[in-house]
Structure formats: C-alpha cells, structure tokens
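In what comes next, chain A is part of two complexes: it sits with chain B in the first one and with chain C in the second one.
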Partner chain A sequence: MSEDQARKVIQTFKYEPKRLERGYSDRTLYVNLSDNTVKAKTISEETKDVFIGGRGYGLYYLWQAVTGVTKWNDPENEIIISCGPIAGITQYPGTGKSIVVTLSPTTGTVIDSNVGGYFGPFMKFSGWDALEVQGKAERDVVVYIDGDKGVVTIEEVPLGDLNTHVLAERLTDYYSESENDKKNISVVSTGTGADNSLMGMLNFSFYDRKRKAVRIKQAGRGGIGSVFRDKNIAAFVIKFSNVNGDLNNPADKKRINDTGIKMHKEVASMDPKQNNMRKRGTTMLTPIANDNDLLPVCNFKFGTHPDAVKITKWEDKFCHTGSDGCWYGCTVGCAKVVFGFELRTGPYKGQKVLVDGPEYETIGAVGSNVGVFDRDHILECNFYCDTYGIDTISFGTGAAFIMECYENGILNKDITGGLELNFGNREAVMELLHQIAGGEGFGKIAGQGIRKMKKIFVEQYGANSRFLEDIGMEAKGLEYSEYISKESLAQQAGYGMANKGAQHDEAWLIFMDTVLKQIPTFEDKAEALHFFPMFRTWFGLVGLCKLPWNDVVPANNADTDEPQKVPEHVENYLNLYNGVTGKEATIDDILFESEAVYNFQRVFNLKMGVGKREHDSIPYRSVGPVTVEEYESRQERYDDQLKDLIGVDPSGKSTEEKIKVVREYREKQYEILVDTVYKRRGWTDQGIPTLDTLKRLRVDFPDVVGLVKKHL
Partner chain B sequence: MKIVAKKPELCDGCGICEETCAQAWFKEKDKEKSAIRIMDNPNGDFNIVVCDHCGECVDVCPVEAIKTAKSGIVTIKDSDCVECYSCVGFCPKGAMFKHPEEPVPFKCTSCGKCVKECPTGAIYMEEV
Partner chain C sequence: MLITLRPIGHLKELFPANQEKYELELSGTWTIRNIVTKSFDVDPDSISGIVVEGKHRKWDYEPKSGDEILLIPPLGGG
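The block that comes next holds the complex of A and B.
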C-alpha cells in the first residue's frame, strides 16, 4: 500500500491565507482533537495591546481553557505555539523564536519554553499568530498546515518509528515535493521518551540546505512533549514557500534593514574576539563555568573539576559551514552540529547519525553533573535525548539526583534493577535513559522527575525527607538548569522566583553579582531581579532569541553607563519592534508590557495553586553546602565568610557546626532578598500581586481580581 | 578568472565607473546602486571598493543564494535570496551593497564595463 492510500484525512479546514500587517495577522488557529474542530479565532485589539504575542498569547488562551483543577493530561489542557510580532524578520540575528505554553506534568502549572526552527515564522506567514491545540485524538494524528494553499488538515498517516530523527525526516520527505521543497517544511515532533516519562520535550525542525539534513531545536522544559503525546499528536507539520524579508509587512523596513546590517557587521568583527559563538556555539560557556566554580559537578555539589577540561573544547567536533542559524539571518549561529557520530548503545547502535549540539546546558546536565567527563558520552546522550524527545536538562539533573541517592544508600541495585548508578558510570547513565524512553525498569520512576521521585523514595524506600529536599535540585517541580548558584544570592532568587520553575532564562545574574560585584545591596539585587526578568520576558513576547542581546556586544559596550544591559542592543531591539509594529515604544514601554504579562503569569500560578511565597522556596543545595564533603571542598571560602560576613570564629568548630551557622545565615539572606523583590515588584509579602499593581498593569480583569482577592 | 583589479593611486575620483555600473545593472545613474565604489580618503586620495570574489559571502549565506561559479566569480541568485543581509555585514571588503529601493543585495560580477570607461587606468581586468 502506498503512503497516499494509507493517508487518512479526518478533517479539512480551508482558509484564506492572510497577509500580515505590521507583524500580526490578528487571528489564531484553534484545533480540538477530541471532536476535530478546526476554526479561526480573531484576536481583539485589547488582547493584543496587553498580551503582545508569544508567551503572552499562550498565557491568555491557556487561561481561558483551564480551571484551577485542570491537570496536564486533561483534554482541556492546551498546547499553544506563538511567536510574536518581530518573529520571522530575516534581517537580524535571533528572530525566529516560538514560545510553547501548556500546563506542565511536573509543575502542575504553566510552563513556557522557547524554541527556534522554522515552524513559528512559517505559521505566521501562513496567516496565524498562534496555534492553539486542545482535546485528545483517538489515534496518533498529524496536524498539517499548508500555508501556501490555505488548508489545515488533521490526518492519520503511516508513521512507524516516532522518534524524531526518523519521524521528522520522514515527514519532511512526505510533505515536500522535491529536494528543493524541503526547506519549506517544518515539523514539530517528539519521541518515545515523551510517551513514557513526564520530561518529554518538543523538537522543532528546519531543513539545512548546505548539509542536506533535517535539523532540530528543542522546546525542552517542563514536559510539553509529554502533553503532546498524551493528546496522541504524532506531529505538527507546516509548509510555507517563498520566504522573503518583507512578509511581516513592517511599518518601516529600512529601519529594520539598517539595524540588521549594523548588527551583522558587529557580529562579524566582534564575535571572533569575544565568545566566538559562530565557531563554538554555547559550548563556549563550559570553560567559563568551570573556571568560575559554576559548572555543576555531581549533582551540584561542586562547581569545578580537574577532568572538566576534557569536555570544554568542541570546535574540532563540529562540522562548520559558516551559517548555523536556526532561522534566517542569525549570524550568531549557535546551532552547532556533529556529523557522522557512531552510536554505541540503544536501538540505533552502530548507526552513524547527526547530532544537533551539544549546547552548554546539555554538557553540564548529562556530563559534569553526572560525573562523566567524556565528549562521546555527551554526544551519545544528547542524540538519544533529542530523538526520544527527552529534555536533556531534566534528565541530567534528575540522573544526578538519583546518583547521589544511590551513593548515599537510599537506592541500591535491587531498586534500580541492577543499575550501578554511581557518579561517573556512563554506561549506567545511558541505560537509565533507554529505560526512561522505553518506560521500562527503574526508568519508569526516573522519568517522573525529581519532585515525584522524592516522594517515592521517602514513602517506599525510607529516605530522609529533609535530605532529599536539600539535594533534590528542583523548584516548583522543574529541574534546575546547569549553574551553581551557591555564591550568588541574586541567582538563587533568579531560580527560586522564576514563574515556571528553576530555569535561568528569567535572570542570569551570577557574573554581575559575584564576579563583577555590580549589585551589592539587597535593593540592587532586587532591582536586577526586576529589570532582567522583565526585559527577558519581552523576548518571549515578540519572538526573539536572547543570545544576540548579550553574548556578543559592541566594541564600546564596556564604556557605557550600564554595560550589563548592552544599551546599543536595547536600542536595536526598539528599532526592530517599532520598525515592525509602527509603535514608538521606549524601553520603559516594553518593560511595562512585559511586567503586565509577567504578573498575569504569577496570578496564573496562583490559580493553579503554586503562586505563593512558599512556592518560591529552593533546595538548600542551591544556596549553600549541604554536606561535610561540600563544605570541606571550599573550606577556606566558607571559613572566611564565617569570620568576615557572619562574625563567627570558625576555629575549634566541627564542620557540621559550621554548616549549621552558614545555613542559618544564607537562608535568612534569601528570605530578606525575597521580601525586597516582592516589594519592588508590587507584591504582598506572600508574593501575590496587589490589586493596585494589577490595575496599574491593566491586567485587572474581573476573574483575575476575583482570584487574587481570595488570597489577600 | 578575471576580476576587477585596482590601482587607487591612479584614481582621480571622477566616479564614471560608479555611474557606468549603476546604469548597466539598474538603468540609473544613482551611484548608491553601483557595485564599485570610490571612497574619499581624508588625505585627498581615493579608495576603490570592489569585490575580489573571496567567497566569505558564500559561506555566510543561509540559503545558498550566493555561489561561486566554475569560473570563480561569485554571483547572487536573486530569487533564492531571503533578504537577511548577512552577506552585507560579513563582506570583509565592504563590497556587498544594499540599496533601500532594492530588496536583494548586489555586488560586482566582473562584467568589466566600468574598466572600459575608466579614464585613468585605476581599474583594470586582471587574471587571478
């Protein structure tokens, strides 16, 4: 039987492809997989004004769809993909980002995850500001958007292997008419790991013409892929041809062009002297992290390791072509790739494959944090996580937690089914990953994420609850990304107060705080914890990548008043935003827009039962030394702090006694900072936005106010 | 291949090459539409900017719209360009140009028309 005969179209929706106006189509595509409804929704001016796009639209639609008791696997839960008004311009680096929003299986509240690849821009050019998918299909389906013809279909197609490296390539072939047509296809897919765990992610594809290969970027965090598979979605596929630089129909194209060319010149001249992202991608962070005691080693116990030099250099592994952007015009080009890597384990053992990455986070997560300092292991693990649809961060941080439990006797071979999960055992790490993806053995437990594992280990294996709370690196149910925050109070709060859970994309303040010492007081830190989360949130409203903001900077940046904000790039972004939309927004205007959406998300957390102060607490491992081994590894530093900061003489005290004093001090510091930040943000001391704050930000909708009032 | 080579010390800044190029490719005399540019130096002499077909733009182009022909000459296929202007920013000679009225960047194709019109011999075709 040919594929066309086997293809079963179960719903067809025809629409008029619509030209964008100043970055917007003002409509979204709604798909319900339970009853196969497909329809267009209009976005009102009022909604656009407050929510802007991207994450804002995701939050707006999800808020309408769910109640406070909706669970991640209820049919009411939605997956929303939206980019925002700037997304899809081709003239500036990092302008193709989509934001995916859903209720997370591990946090129980909203997760937002940003991702590159061509799907988001193609969706806009096909006439949709967002894709909103609700319900559950009976059998695995593909939702196909043909943006050229103006047709949306829900289809059952012969799928076979669901793992991304097979499926995305197969669907790219299937929906394209020729080799030259493949560039017009983007696939959103995941893999068996998303079927069998709660840490499933989504891969967004783009066709790499130079390498003639399907490439992928990940919406990694919070289990979105698990929601996707729970809805029996095999893939979203989109087709759009004839990309050019004018499809957003911007208000002032020359302003965008001039800004883009200026930035390309800056990247060309400065990147080789600065981070060299074009050659190294985000791997450039690995030696910096290791040198500054920030690289997580053995479940965040340590921040550096002598063997880390084995995993810091990657340039020789990468296949270079000169254009590694995950959307057109990204000259920063961090999307690195390793070609012809021969797999040593698992179902594809012996095959030579393309590995997208690794990125810094993956190196930290599946390398140093599990005590494995081997590049081939990292590539193997990176590949399998990607194709299985498993978030490398949650997997690595989760595996590190398991290993520390194993080494402390909480777990043993009887429990793990024979896996010797000591730090450094790379074979065991890979076997654990294969088990998670297959829903087998101990993998069934490991795939639940740290928060659920803690409960299981206490209830079933008699673990000490407090110890697990101290070393289980999650906040709000989301596993930590890969930075040691012990010496940066501001970064501890950056993790703890992040709306989605322990991810660094709201605030990355470690260098400002500890190395450059630019924010010494609580008020300074609180100001940084206001500005940076708001500014970074804005990237997610308009469809931008954060990296070109501050991973390459103008030659004179250090001489500016606020180099950490990269003022010239902020000006660039205003040019792009105003150039597309025709607004004349200032930096204060865009911060205001972000603050509104940010506070709305905070209230959304409250709606889902996690938006209070108690939910901003963090594991002590992220604050200070939990164990004697940790304290003694940095004894000089901690002893000095005892004397200089706390006023306690360490001499004559046991390590346990010193740990106790340090802990009391550090935990108190954290609480003072939380108080200061809440005040700066206009929240109560319980972390709830006040009614005045909601009114000022124009998110004082009746249901929002009604909800908040119950908690004041 | 033959490329446009230069002897800036012979250039008198008359701009005939620029007009000739703009006329040849865009049927206009707007020098901003020329793929060869004469730049004034502070000391009174001139700098001649023109592509030497090094291929840097070929690497940075994400869509293979810029290619090196068998002859060695680097050319742009307009219909494949997505107007990202990476090539404009990355050209080490500053010889890839963008004009507000033209969506696709442009560059010297080594046609030689400017050379024929140059009154001083400051530009000439050279086999490399």
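The block that comes next holds the complex of A and C.
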C-alpha cells in the first residue's frame, strides 16, 4: 500500500485564504480533536485592543476554554499558537516568534513558551492569527493546514518513528512536492519523551535550504509537548509558498524598510565587535556566567568551576557555511548547528546526526549543572532531548536535583535501578534521559519533574522534606533555568514572581544587580522588576525575539541616558509596531498593553489556584547557601556579609550557626522585596491585582472581577 | 589619580593583558573614551555601557581618583 493509500483524511475544512491587514487576519482557526470540529472564529476589535496577539491571544482563548478545576490532560485544555502583528515581516531580525500557551502538567496553571521556526508566520500568512486546538483524538493524527489552497485537514498518516529528527523530516518530505517546495513546509512535533514524561516540549521546524536539512527550534518550557501527545497529536504541519516581506500589508512599508536597513547595517558592523552571536550563538554567555559566579554547577551549589573552560568555546564545532536565522531576514542568526555528530548512546547509536544548538541554557543544564564538562556529552544530550521532545532545562535541572539526592543517600542504586547518579557521571545522565524517554525504570519517576519527585522521595524513601524544598530548584512547579541567583535579590524575585514559574525571560537582572550595582535599593529593584517583565512581555504579544533588542547595540549606546534599555532599539520597535499596525504607540502605550496582559495572566494563575504570595516562594538554594559545603566554598564572601550587612561577628561561630543567621537575613530581604514589587505593580500584599489596577488596565471583565473579589 | 578599569565578560579579551582589572595612575584630565582608546587602543563600539559606582556614565565622563569603571558588553540574558 502506498503512503497516499494509507493516508486517511478524517475531516476537511475549506476556507478562503484571507489577506492580512496591518498584521492581522482577525480570525483564529479552532480545531476540536474529540469531535473533529474545524471552524473559524472571528476576533473582535475589543479583544484585539486588549490582548494584542501572541501570548495575549493564547491567554484569552485558554481562559474561555478552561475552568479553575481543569487539568492539563482534560480534553478541555487547549494548545494555542499565536505570534502577533509584527511576526512575519522579513525586514528586521528576530521577527518570526510564536508563543505557545496551554495548561502545564507540572505547574497546573498556564504556561507560555516562545519559539522560532516557520510555523507561526506561515500560519499568519495562511490567514490565521492563532491556532486553537482542543479535545483528544482517538488515534495519532496530523493537523495539516494548506495555506496555499485554503484547506485544513485532520488526517491519519503512516508515521513510524515519532521522534522529531525522523518525523519532521519525513513529514516535510511527505507534504512537499519537490526539494524546492520543502522551504514552504513547517512541522510542529515532539517525541517519545513527551509521551512518557511531563517535561515534553515542541519542536518547530524550518527548512535550511543551503544545507538541505530540517532544522528545529523549541517551545521548551512547562510540558507543552506532553499535552500535545496526550491529545494524540503526532504533528501540526503547515504549507505556505511565496513568502515575501509585505504579506502583513503594513500601514507604512517604508518605515519598516528604513528601520530594517538601519538595523541590518548595525548587526553587520557591531555584532562581530560585540557578542559575535552570528558565530557563537548564545554560547557566548557561558564564559561570562562562569567568570561571574553565575553558572550553575552541581545543582546550583556553585557558580563557577575550573573545568568550565572546556565547555565555553563552541565556534569550532558549529557549521558556518549558511544562514542560521530561524526566520527569514534574521541577520543575528543565533540558531547555530553542528553537523555530522556521531551518537555514542541510545537507539540511534552510531548514526551521524545534525544537532541544533547548543544554546547557553542547554550547556548549563545538561553540562555544568550535572557536573559534566564535556562538549560531546552536551551535544549528545542536546540531540536526544530535542528528538525525544524533552526540555533540556527541565531535564538538566531535574537530573542535577536527583544527583544531589543520590549523593546525600536519599536515593541509592536499588532505587535508581543501578544508575550511579553522582555528579559528573555522564553515562548515567544519558541513561537517565533514555529511560525518561522510554518511560522505563527510574526514568518514570525522573520524568515527573522536581515538584512531584520531592513528594515521592519524601513519601516513599523517607527524605527530609525541608532539605528537598531547599535544594529542589523549581518554583510554581517549573524547573529553574540556568543562572545562580544567590547574590542577586532582584533575580531571586525575577524567578519567584514570574507568572509561569522559574524562567528568566521576564526579568534577567543579575548583572544590573550584582556586578554593576545599579539597583541597590528595594525601590530600584522593584522598578526593574516592573519595567523589564512588562517590556519583555510585549515581545511575546507581537511576535518578536528578544535577542536583537539588547544582545547587540548601536555604537552610541553608552552615550544614551538609559543604555540598559537600548533606547535606539526601543525606537526601532515602535517604528515596526506602528509601521505594521498604523498605530502611533509610545513606549508608555506598549508597556500599558503588556501590563494589561501580564496582570490578566496573574489572575489566570489565581483562577488555577496558584496566584498568591505563597506561590511566589522559592527554594532557599536560589537565595543562599543551604549546606556547609556551599557556605565554606564562599566563606569569605558570606563572613564579610555577616559583618558588613547583618552586623554579626562570625568569629567563633560554627558554619551551621552562620548559615542560620545568613538565611534569616536573606529570607527577610526577599519578603521585603516582594512587598515592594507588589506595591509597585498595584497588587495587594497577597500578590493579587487590586480592582483599581484591573480597571486601569481595562481587564476588569466581569468574570475576572468576580474571581478576584473572592480572594480580596 | 588612581582609577580602576574593569572590562566585563569577553571585553577582557580586547585588552592587551586579558586581565580582570587594570589599575591606572593618571595625571591631568582624562575622559573614559580617551582611557579606552588611547591607553588601550580598544574600539569603543564593542562597549555597550559604562558604569561607575553603580551609575551609568557617558564616554566624556572624567573619572575621579578612586573610581572603579566597569565597561559592559551587550548583555541581555536569554
């Protein structure tokens, strides 16, 4: 039987491909996999005005779909992909981002994760501002959008191996008509790790024409891939031909072109002198993190390691023969790639494969944080996490937690099925990953994420729950991304107060706080914890990548009044936004738009039972030294702080006594900062947006107000 | 006057000795631009911001004795 004979179309929906106007089609594509409904929904002007697009649309539709008791694996849960009005322009770097929103299996509340690749822009050009998928299919299905012909189908196709590096290539071949047509296909897929764990992620593909290869970027955080597989989705596939820079039908094309030309010149001249991301990608952060005591080592115990120099340089590994933008027109091109890497373990052992990455976060997570300083290990782990559909951050941070438990005798070989999970044991790390992906052995426990592991270790293995709360690096159920925050109070709050859990994409304040000492007071920190989360949220509303904002800067940036905000780039973004939409928004206007969506998400957390002060608490490991080993590794620093900050003479005190005093001080500091930030944001002392705040931000919808009133 | 210059991150590689910091004894009036370009022959385009004692300073800032000058590359973080 041929592949076409084996293809079974379950549902067909035909539509008129709609021309975008000023970045919007004003409709979403709704698919219900339980009853195979496919329909278009119109987005009202009122909804667009408040929620803007991207993460805003995801939150809006998910809010309608779920109640406060909906679980991640209920059919009512949705996966929503949206990118926003600027997405898809090709004149400026970093304009192809999608945001994926769903209820997370590890946090129980809403998760948002941004991702590059072609799917989001193709979806817009095919006539849809968002894709909203609800229900569960009976068997594995592909949702296929043919944006050229205006046809959406739900189909069963012969799939075979579901792991992304096989499936995405296979589906790219299957739905394209020729080699030249492959650039018009994008596949969203995951792998067996998403079937068997709660840390599943989604891979969004883009076809690399120069290298004739399917490349991928990840919507990594919060288990979105696990939701995807729970719905029996094998893949979303989209086809759209004839991409050009004007498909958004912008209000002012010249304004966009002029802004783009200026920026491309800047990237070409400045990036080689600055971060050189076009050669190094985000790996350039690794030596900086290591030099400044910020690189997580051995479950965030330490911030630097002598062997870290072995994993800081990557240029020689990367292939430099093509463009590494994950959307057209991205001259920053940070999506680096390694070709011909020979696998040493697992089901594809011996094969030579393409590895997308590594990025800084992956180097920290599966390298230094598990005590392995070996580039080939990092590449192997990166490849398998990607193809299995497992988030490298949650895997690495989770594995590091397990290793510390193992070294403290909480776990042993009987429990781990023979795995010797000491820090530095790269073979054990890889075996753990394969077991998670296969749903086998100790991997079944490890794949649940740190929050659930803590409960299991206490209940079944008699672990000390306070110790696990201290060293288990998760907040709201999401594993920490890869920065040591102990010496940055602002970053501690950046992690703890982030709506989705412990991710740095709301606020990355470590350098401003600890190295540059620019935000010394609680009020300074609270102001930074207002501006940066709000401005960064805006990127996710409109479809932009954050990196071109402040990882490359104009020549005169140091001579501006606020170089940390890169004022010329903020002006660029206003030009893009206003140029596409026809608005005349100011920086205050876009911060207002973000603040509205941000506060709506905070209330969404409240709806799901996690939106209060108690849920902004963080593990003490991210605040200060938990163990004697940690304290003594930085004894001079902590002893000085005892004397200078706390007013306690450390002489004659045991390390345990000093740890106790430092802890009391630091935990109190955190609570004071939380109070200060809540006040700055217009929230109650329990972290709930006040009715006045909701009204000011125009998100005082009756159901929102009704919910909040119950908690005031 | 004695000042300290600290290039942050990979900016260290642009300075001749690849050191964490440089202590400089200067006489007369100097701007930060002059120190960076004339004393070290470093391209100022590589530097995103200048912080002295927790405050942003511009290229024409004239440091005082005892100042620690941090030179920052673009650092957005993830």
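By our rule, the second predicted complex is superposed on the first by the 711 of 712 C-alpha atoms of A that agree within 3 Å, B and C clash if a C-alpha of one lies under 4 Å from a C-alpha of the other, contacts with A are read in each partner's own complex, and residues count from 1 in each chain.
Throughout what follows, contacts are C-beta pairs under 8 Å (C-beta built on N, C-alpha and C of every residue); 3 or more make two chains touch, one makes a residue touch a chain.
As the structure is a prediction and not an experimental result, all values here were calculated from the model.
Novice: Pick one for A:642: touches chain B only (first), chain C only (second), both, or neither.
Specialist: Touch status of A:642: no partner.
Novice: Taking the superposition on A as described, I'd like to know which of chain B and chain C A:354 touches: first, second, both or neither.
Specialist: A:354: touches no partner chain.
Novice: Spot which of chain B and chain C makes contact with more residues of chain A, would you?
Specialist: C
Novice: State whether A:463 touches chain B only (first), chain C only (second), both chains, or neither.
Specialist: After superposition on chain A, A:463 lies in contact with neither partner.
Novice: Contact-wise, after the overlay, does A:508 reach chain B, chain C, both or neither (first, second, both, neither)?
Specialist: A:508 sits against chain C, while chain B stays out of touch.
Novice: With both complexes superposed on chain A, which partner does A:453 reach: first (chain B), second (chain C), both or neither?
Specialist: neither
Novice: Of the two partner chains, chain B (first) and chain C (second), which one does A:332 touch, if any: first, second, both, or neither?
Specialist: neither
Novice: Taking the complex as given, what residues does chain A use to touch chain C?
Specialist: For chain A paired with chain C, touching residues are 269-270, 273-275, 282, 284-285, 287-288, 291-292, 360-361, 481, 483, 504-505, 508, 510-511, 515-518, 520, 546-547, 549-553, 555, 557-559, 561-564, 566.
Novice: Per the contact definition, I'd like the list of chain C residues that touch chain A in the complex.
Specialist: 8-10, 43-51, 53-56, 58-59, 70, 72-78
Novice: Within the complex, which stretch of chain A touches chain B?
Specialist: Residue list for chain A touching chain B: 90-91, 183, 209-210, 243-246, 254, 257, 260-268, 321-323, 325, 328-331.
Novice: Using the touch definition up top, name the residues of chain B that touch chain A in the complex.
Specialist: 58-64, 81-86, 88-90, 92, 98, 100, 103
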